[in-house]
Structure formats: C-alpha cells, structure tokens
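Several structures are given next for inspection.
Heads up, the next two complexes both have chain A, just with different partners, chain B and then chain C.
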Partner chain A sequence: MILIDRLCYFSRLRYVNAGEKTAFSVLTLLACILSRSAMIGLFVLAATGVLTVHKGGIPLARYIKLLAAPGAFLLLGTSAILINVSRTPLDAFALPAGPYYITGSFEGLMQGQRLLLTALASVSCLYFLALSTPMTDILAVLKKLHVPALVLELMLLIYRFIFVMLSLASDITVSQHARLGNFSLASSRKSFVAMVSSVFILSIRRSGEIFDALESRCYDGTLRVLPEDHPAKLSEIVGIAAFELLLYLAVIFLKQSGGAR
Partner chain B sequence: MKRPENYGKDPDILLEADNLTYTYEGESIPALNGLSLTIKRGKKIACMGANGSGKSTFFLCCNGIHRPSSGTLYLNGRPFGYTKRELLSLRRRVGIVFQDPDRQLFSASVRQEISFGPLNLGFSEEETLKRVTAVMEKLGITAFAHKPVHALSGGQKKLVSIADILVMEPELMILDEPAAALDPFYTETVYRIIEDITAQGVTVMTATHDVNYAYRWADEVILFDEGRILRQDKPVRLFSDDRLLAKVHLAPPMLLTLFRQLKSKGLIKENAPAPRSIRELNRCLAPTVSQNAPEA
Partner chain C sequence: MTHRQKKMIAAVTVCSLAWGIAPAANAMHIMEGYLPVSYCIAWGVLSLPFLAAGLMKIRKTLDENRRALTLLAMSGAFIFVISSLKIPSVTGSCSHMTGTGLGAILFGPCTVSILGVIVLIFQAILLAHGGLTSLGANTFSMAVAGPFLSYGIYLLGRKCKLSRLMTVFLAAFLGNLFTYCVTSVQLALAFPSQAGGAAASAVKFLGVFAPTQLPLAVVEGLLTAAVVVCLEAYAKPELKSVGYLTEVQAYGKEA
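Here is the complex of A and B:
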C-alpha cells in the first residue's frame, strides 16, 4: 500500500489526465470480467504491463513482485478447481493415492486457466490506475462522477491519516523495541496491544486537534480545495477509445464464436 | 466590569484581552485565569512561559476556537462575536500556525492544502490559484508542490503550514513554537520568513522557549504564568529582571549577560543601550577595548 503510493508519484503517467486513466482502467477491467476469456486476459495483462512498466517507468521487478501477491492468492483459489480428489480418475491427469486419485479434467484445467488469467488481468488494470494516479487525482475523478462530498472528504482524511497513524504506530513500536518490548512472544504480544490502544487514543485526540486547525481556517463543514486537474489530450483519448473498441470487438467476436476460450 | 469611555478606541491597538478565564472540560485548574493584555498593531511579540502556562489556550481564544468562559476579547476595538459570520471575519484576520504540522495539514496535496483557507473565504478558484502560487513562490516551496504531504520533511511541512495561513493574509499571525523540532537550516528559514511577514506590517505573535531569539527579535515579550500575564515589557527590560526570570525558570539571553558583565568591568561606553546583536555590541564597546580587541 505504502509502496504503491510512493511508486505512483514517480510514474511518468502521473500527469496524464486522471479521468482518462480511470476510464481506461475500468473499461478494460469490465472487458476482462465480461469475456472470461484467457486470450483477452493475456492480451490485457500484456497491455497494462507495457503501459505500467514501459510507459510509466515502474521497475519491472517491482511490478512482478506486486502482481505476485494477488497471483499467489489466485493460484491457491484456482487449485481447488484444477485438482480433485476422487475414486475415479479424470481425463487430464491422475495420481493414485491409495484408493483415491488426485486428479483433474481438461474442462477443469481450461476453466482454471481462464479464471486465473482474467482475474490477474483485472488486478493488473487496477494496478495500472494505482501505479499511475495519486489518490488526490482519483478523488477529483470521483467528484466529477458526483460521488457525495461526505464520502470524498472521508476518503481524503482517511488517506492522509493512514500515513500519520502509521508513523505514530512505527514510532511507538521502535520505542518499545528499544526497551526490549519484543523480548519474548508474550511481551511482544503485550507491546502490540499497548501500541494499538495508544494509537487509538492518540488518533481520537488528533482528530480533535485537526478539527481545531481546520476551524481556524474557517472550516464550515465542507472541505473546499482546488481541483487537481491535468488537461486531457485528444491523442490519448483517441488512443484509449481505439484500444477499448478493439478489445470489446474481440470480446464480442469470442462470445459469438461460442468458445469464449 | 465598567470600562473607560475610550476603551478599545485606540487605533494602534489591534487585539485586547480583558480578564479572560477558560477551563478545559474535565480539568479542575483553569488554563486561563484572569488574563489581560493588549497587542499593538505591527509589533513583533514573543510569548514565553512554561508548558501549560496558557499560551496555546490563549492563542486558540484569539481566533474564536475557544470561547472564554468569562472576560472579553476585542479586535480593532470591537468585542469578539461568535456568530458564523463574525467568526469567519475574525479567522480571516487572525491566523494560527500550529506547532506540529501533522496536526494542521489535512490534505495529501500541498497545493490543495494551501488552497483550503482562501476557498473558505469565498475566493474564486482562479483567484485562489493565483494566491496559492504566489505564496508558494514567496516561501520557496514551489519545488515540492507536487509531492504528497506525507513525503515531505518536517521542515518542508512547517513551511507548508505557514503558507496555509499566510495565503489568507491575516492582520495578526500567531505562530505556536514555530521552530519546534526543526533543524538549524529550517529554523533560520522560518525566522527569516517571520521577519519578512513583519516587514509587510503584519502583527506577529509567536510562542517560543528560545530566550536568545525572543531577545533579538521581539518588540515586546509577554510572560505567561499559570493562565495569567506575569509581565509584558520590552525584551531588554524584561530580561534584565533577574528575579522575574528566576521565578519562571528562564536563563537570561547570552548577549545581555555578556553586555552586563562587560559593563560592570567598565568596558562599555557610557549610556550605550543594551545591544540586540553582536554587531550592536561591538558598537557599544568602550574605545580602549575596541582598539585592543585585535591584539586580544
């Protein structure tokens, strides 16, 4: 989370209009979900990968590591579809284990592969957005989409205070370690609980102080700030539109040819 | 309490506090306990006193965050009002830079953060952008305007929190321990900014524990003690009062001590005023000393 936040500020795509990036990310994500096709998944994975790594300048190794986290989850999830335990062997593979077989069908394999690729591709769409667009820009897009101001203000404050609270928590943890607070399992458990409770109390106090500070700058219930706006470029819009058009044509074609493979 | 006819009519007086009391909820000891003072327009004022002596509480009263339980505050001769409109006009005139930037900055974007005040005052987005850009230029923070607030250093956050208030162009700017937790570079930067602000005629009130800074910078020093004003005076006079300083556990400024010791040894010119800087001290050395100085 913190890593993604740091990376997105260095992305070369940061100053591309946030609306464009959001549209691209969401439309492509929808295409993945609608098609449920391994081919579309592979294609999207490649496209977002090129955009994030090549265009955005996010280091490839970092990107792969970031994808590996949800990837591992997906592998575990799909393994339930891929692998069966039954008395009768299925057509793809079968490993005898006593009276049972650890076995799988071609049907299952195809389904698992489809699921894995589309899910991973969907994640990569969101990563594209997260790794190129700072939170404040995303908030600006949501505002244009008429998301209620209250929700947006909460998001803004929560986002800012994640960092304040994290640094509080880490300061307290460091000072506990300096006094051997993690000496044994029992003491580190105790320290952790103490840290969490004091961060909670401090955060309540903080919220009061921030409210005073906001009030002293004439806060009246609405957080009014300048919009973060980077002008949209026609060439980019045309590019995104062309890409999505092709993608959706491919999705429709695959659906009609029945296979959706 | 009955006040004289011309009370609050002196055009030189910007802010006046009359017998303020304030007690925080759930506390038995009042934070302000009959505090009265006057702040003259255009002055540089250093507020000193131990932690918990009422400085910060008084500051929060100055722009209507806290409403004193009794007593009255006057701005430009008019008593504070606490309706929405009056508070708006009060807070545009009296700005507070809080001690810890992390307790003031709410936005993740520097530009959005600074734009908050002017937009609340009702300026258009174009006008706000113009003001925000100008202030960032003036404080030299344009370079990190596009960084997220949580990636800034402590000193950079401090500058942003000053810009927050400066952009609202207050008549009275209050800085609560502006140099707290800053490195020497940012301390000097902040002090220079404060100097610039006062040069433009803005009245500045700071809380500080640095006697040397208060001595060289301030026109007036106000000593807070247990929610009251112990003394409000010119720095030279106040810091020469050893008994008073001992009472509030303050050491006298180094320069003043040196000056007084030199004077007691007859090394200072007759009637020379107490110096506020090393250069001024040099000028008040007796001729014999000045001549001997290079060899010494």
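Here is the complex of A and C:
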C-alpha cells in the first residue's frame, strides 16, 4: 500500500525509543540546513544511510530508489537556479541565443552543488525517521510536545482512514479495470470521476457508521490506546549526543572559517 | 450520464490530448532542506494565523455537533487519497491533483487549512512529498493560499451568477495555478537570480514548472467540476452533512 509505512514496521530500529529517533533526525536536519555546506551534507548522508540501511535493515536498493523520489523537483528547481538568461554572459558558461545569453556563474554552480547535497542529506534525515518510526509512535512524541489534543485525534483518525480509503479506491479501480473501464482515455477519465465520487460518498457514509460504533463504546473525543513504552538506553543517548555535538561543532567551525564549502 | 456530463468528459479528453505529454510528477511540494532556515520559519509564522482560525472553526463545529469529528477525519483522508491518486493521462506519465480546490469548495477554506497541514505532514513522512522544514512554506502555498483563493473565486462566481460548472472549474483551476505561482515566488525569494534578482528568478521558476503545472491545473479544474456534478446528482444527503448543500440551495434560489 504505502511503501514507506510498510517498510518502517519491518525496521530493526522500530523498538528504539521514538523520542530519541525524532530528536536525532530533527537535530541533524537542522544542522544540514543551518550549515548549507556540501561537506556536512555528505557526512550526514553517509551517517543516516548507514543507520537506515545497516542498522535498520532497509534494503539498499529500496533506499536508493526512495532517495531518488524527489528527484524531479530537485532537477527542475536546481536547474532554475543554475541557469540564467541575461544580456551579459557570466563567468562559468554562456550559450548565445539571439541578443541574450543562456548563462551561469561559478558562484551559482557552487550554490547549486551545495543545495543539491543539503537537500539530499535533509531528505535522508526525513527517511531515517520515516523508515524507523511508525506514525503512531510519532504521534506519541507530538503529544509529549503538547500539540493540541484535537489535532492529534484528527491525525490518528486520518491516518487510520487513509488506509480504509486507499483500499476502497484500489478495489473500485480494480473492478473498473476488470470491466475495461480504462479502455480509452475518455473512459478512464470517466472511471476516475466515478471512482472519486463514490469514494467520497462511501467515506462519508462510513464515517457516520464509525462514529456510531465509537459512541456505543463510550467515545468521548479521545481514542485511548495503550502506549508501548521503549525506554531510552543510556548508550544510545550518549551516542546521539556525541554525534550531534560533533556535527554542530563542525557546523560552527565551517561558519567561522569563512563561508560554507 | 446526463448530456452535460458527457460534454464534460469530452472536454476533458480533448484537453488532455491537446496537451500531449502530460506532467511527470507532482513537483510542486518544496523539498525537504531546500529552503534556508529563515524562510522556513517566516512562512511557518505567516501560516499560523490561518491555522489558528482553522482550529477555532473546527472546535466550534465540534461543539455544535460531535459527529463531525469522524466526518472531518474522513475528509482529511479523502484529500490525502485524491492527492496521492494518479490522474489518468497519456500513457507512461502520471500526475496528481492537489485536491485542495475540491476540499475548499466542499468543506470551506478554514477547515481545509487544518486538514491540509495534517495531510502535508503525512505526505512528507509517508510519501516523501515535501518535508518537515519546508512544511511552513508548503502549508502557506497549498493549505492556505490555494484553498482561500479557490473559495473566494467560488463565492465570486456565485455572486456573478456564472454557471455552477464554470464556477467550480474556475475555482479549482485558479486555485491550483495560484498554488504554483506562490511556490515559485517562495523559491524565487529564497534564491534570487544573479542576473536580475528575485523577479527574474520567479520568472525562471514559473517557466521551469509550467510544463508540468499548467496542464495539471486544467485537468484538476475539469475533474473537480465533473466530481462536483456527479456528487450533486448522487450524494445529496452526504453533501448536506458536510454543509455544502445548504449553500447550493441558497445558490439555486439566487440563480
């Protein structure tokens, strides 16, 4: 169904304390975007890669494929930063096109390269969290951070309903395909509209039924789930603290020594 | 299938064929780690008032009717699901709706802002669309700017007594387009061009994303209109329960 969600339940890091994992990935993420340096990016990419693939046991091929997922945005966005159109050529490259030049500068190239690595490293931090921590554990962490209870309740219900509706949508699509509903482009558009409409109708009907079922079990606005407690280990805390200290010292050093490289 | 719906679907087909190569992916979520820290925070702060308003609106709705809770959750899941479904387009390519236009028309923009931010968090964690640091910027463009504009256009269309089909199409189409423009401006402000500054940069980002986003906006508009027509034909009680049908009735009287 949802690949990342399925993988994270199989991760060997799943039963590590969720607060630790969240703190690690958020702090590392911040270090990446604070420094915006290629070196920090490479270092973080390696560290999270080792943690996710080696420690977590996510297959390497899968991990690389997932990292390439935001590629379209990265490619388009970065090319817009690298390439300029102007009347005066810049220093790195310049292709004449009529009275204008399609051109770029070395500074732009450096910026693009730093951006590329920073973004990839940040995505790898996000993946470390997503591929090791199920959504319910993340919600428990958010609860400790005092996110409004209403929002958390909505998040929990939405998370559950996403799977209900995805299977609804895929069932309908399968039966549409079985009846050649995707025969031509026109018929597949028609099928898509019919599918979205019936998913809407069914989901609203079902939400009423679910509320009835909940209320008959004394639902008062919060689903109380027994939290699984996985206490943080001292060795893990020390490890994370040492890693972050090193990382932030490196960030500060790079900033001090003039310009992130 | 009414005559009108048939015409609608013909229009969708012609349009998609005319655009030929359809978009590659939904590339408009700003990626994790792409924006500098100051911009991440600034966009987050800008969207906060809208989120607060949304939360208050939802609280009020729930005080009046507790049953709305599961309904709201289903609506959130609905937005997530339609934004993760592939729109059928020319073979070999796929694209996604933003779904916020439809959401804003059905549920109202304040509610959609909260549902939108939750959906964006799920999209970041479950699908790696967008990210945690770019959450503020994405929230502003997709959960605030797009839906509010869509809803505004929807109200305006009602005022001007346009046909409902046209109104819904314009609302979804312009909402999607506006999201794309806001995202381009967000990127341009963070990465001003060396030749020409932020304005030139905005033009570049608009240009780079145009081939994927323009056809997508048209397709989203047409599909949203078709879905709304379909729902009005078959789902009167359901629409009433989300508070849409009362508007439609009022609209019918006006027109």
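We adopt the following convention: the second predicted complex is superposed on the first by the 245 of 261 C-alpha atoms of A that agree within 3 Å, B and C clash if a C-alpha of one lies under 4 Å from a C-alpha of the other, contacts with A are read in each partner's own complex, and residues count from 1 in each chain.
Throughout what follows, a contact is a pair of C-beta atoms (placed from the backbone, for glycine too) under 8 Å apart; a residue touches a chain by one contact, two chains touch by 3 or more.
Worth saying up front: this structure is predicted, and the values here are computed from it rather than measured.
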### Message
Counting residues of chain A touched by each partner, does chain B or chain C come out ahead?
### Response
C
#### Entry: Touched partner set for A:Leu214, first chain B, second chain C, both or neither
both
### Message
Tell me the contact category for A:Val26 with respect to chain B and chain C: first, second, both or neither.
### Response
second
### Task
Would you check which partner chain A:Leu7 touches, where first means chain B only, second means chain C only, and both and neither mean what they say?
neither
### Message
Taking the superposition on A as described, I'd like to know which of chain B and chain C A:Val225 touches: first, second, both or neither.
### Response
first
### Query
Is A:Pro134 touching the first partner chain B, the second partner chain C, both, or neither of them?
first
### Task
Look at A:Arg36 in the shared chain and tell me whether it touches chain B only, chain C only, both, or neither; answer first, second, both or neither.
second
### Task
Determine, under the contact definition given at the top, whether A:Val164 touches first (chain B), second (chain C), both, or neither.
both
### Query
When the two structures are overlaid on chain A, which partner does A:Leu254 contact: first (chain B), second (chain C), both, or neither?
neither
#### Entry: Residues on chain A lying within both footprints (that of chain B and that of chain C)
5, 135, 157, 159-160, 164, 206, 210, 214
### Query
For chain B, which residues are in contact with chain A within the complex?
60, 63, 65, 84, 87-88, 91-92, 95-96, 98, 102-109, 111-113, 115-117, 119-121, 125, 128-129, 132, 147-151, 164-165, 168
### Task
Provide the residue numbers of chain A that touch chain C in the complex, in ascending order.
2, 4-5, 26, 29-30, 32-34, 36, 66, 69-70, 72-74, 76-77, 79-81, 83-86, 88, 90, 103, 105, 107-108, 111, 115, 118-123, 125-127, 129-130, 135, 138, 148, 150-151, 153-155, 157-162, 164-166, 169, 182, 185-186, 188-194, 196-197, 199-201, 203-208, 210-211, 214, 221
### Message
Can you tell me which positions in chain C touch chain A when the two form their complex?
### Response
9-10, 12-13, 16-17, 24-25, 27-37, 40, 55, 58-59, 62, 66-67, 69-74, 76-78, 80-82, 84-85, 87-90, 114-115, 118-119, 121-122, 124-129, 131-133, 187, 191, 193-196, 200-201, 204-205, 207-209, 212, 223, 226-227, 230-231, 234-235, 238, 241-242
### Task
Going by the contact rule at the top, pick out the chain A residues touching chain B in the complex.
5-6, 9, 134-136, 156-157, 159-160, 163-164, 206, 209-210, 212-220, 223-228
